[in-house]
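Per-chain numbering from 1; labels A, B, C and D assigned in written order.
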């Protein structure tokens, strides 16, 4: 679980389930994100997940801002989940590891792991499930041009 | 699912699983809680859950602030989950229905339903699981005096 | 400064400067609003100001949500300011006292005082200045029908 | 005002008022920071100011986390102010330019400018004033070892 990023990428390339490769983003815990317990407030992990998700897409070549504006396609969350293993603290560098766990024409699930980057310690894991919608909230299929970024073919061809 | 509060309370009194009665709190969606999609940002539902949880405890006679300060007992979240059914919008009155789904000496699970209060429409459901810890983060049993509030006896006596 | 609400309202009715009457809203400090110093994070006072502002307008008969949707009029902030006198703490009931300090055809300034409601202790003061814009961000005059709510006549007739 | 960072640094070195050099930090606007108007919510600029402040201190050699823990010295805000010139939008890279505007034994004022980094466009300016306190909120002088970082000598020697 506490594998180094490079090892994780190697590992994910060899497993048989066609899961996407992971992408890492590092953020630093802000004062505003802590609470009076001195640790990161539990809802804020979902903000980290969103950052991981957006940066994952950017690295795949998807500019989410354009996807909303030019293609009228919004990635709307329908479910979210987080397990908290160890607290994140003020000023901690957090490594958000994001991958696509499954992708269908209308539904995408992202998986996340959050590490204290200096200590390489796993702090939390989670996942979010999304449907593609237009700006009026009606479900639609992910536009053709984005599909390869989410490895739809691979996943849908699973028996 | 869209039952009125009173009906819900009656209903919860007749079901066989010894689940606690529900308690309702109403909050209004703040501008700061919306995002550019025009709806409540997904992480903020967990803030509503926390409000429901605290008000549930207050109504049971538990002042959570004192519980932290005087009894060195913190209700630390270890897992959280939310399903989003319909979007909440700016200025919507939200009814947060909270109940204790299960309670053991060291672990408590709360369940939540969020309704658009005027339309009596279910917008989201979720749950959070917590362990009792001292201020240094070490697990401990819930102090004796708080146990009855969480109906520990009932739940623990289940076969 | 620590006058009771009713006294404050009487006082504001007798002063010669045509400032609007104050309106009070009470909110309770949320766990998510505290930081690791154990007190409310400084940016969150501006969220309280916004709540005071919206509730002030609602009490005057202005539904800000409709003002945006039906009249394409947004109250866009151009300046904000806060002085912090004493810290607000978790679970504190805060009384947000809001008034219109000045109002012109295109510019409105709100003033705020935040009290710990139980102790009647002044914690912070501040103000925000706004221009009226349409949804594309272009300045416009406040629609006729809203003017009386902001006492424009009175203020503009000042020598 | 829209000078490039390097030019700004040169400029600040030649002005006669002994103001500290500016330090730039870049952050990207998060989805959670936008509101239904599609732009960054006004309170969040103060979060950017805090990031600028902490990174400014880090670059000067001050680890604010240690300053709190090891030296029992908290930089408590007593006043904050922001002027909003142009809206910041989702995914915009923001360059936060921070400098110490004045520093005395117990009071420090930081100044900020926020630019859209790609367009080199000034979006907002602001300042925050702080007093040094211990963990119980009592004012104290800034510990000797931190003074040079805030250029106290220079500023205090002003006539």
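Going forward, a residue touches a chain if its C-beta (ideal position, glycine included) is under 8 Å from a C-beta of that chain, and two chains touch if they have at least 3 such contacts.
This is a predicted model, so every value here is computed, not measured.
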| item | value |
| --- | --- |
| Comparison of A-B and A-D (more C-beta pairs in contact) | A-B |
| Most distant chain from chain B, judged by the mean position of its C-alpha atoms | D |
| Distance from chain C to chain A - Cα centre to Cα centre, in angstrom | 38 |
| Chain centre separation in whole Å, for chain D relative to chain A (CA means) | 31 |
| Intercentroid distance (Cα basis), chain B paired with chain A, Å | 26 |
| Touching two or more other chains - residue numbers and ranges from chain D | 31-32, 37, 43, 47, 50, 90 |
| For the chain A and chain D complex, residues of the former touching the latter | 30-32, 47, 50-51, 54, 63-65, 90-91 |
| Residues on chain C engaged by chain A in the complex (per definition of touch) | 31-32, 34-39, 41, 43, 90 |
| Of chain A, residues touching chain B in the complex | 37, 42-44, 46-47, 50, 74, 76-84, 87, 128, 137 |
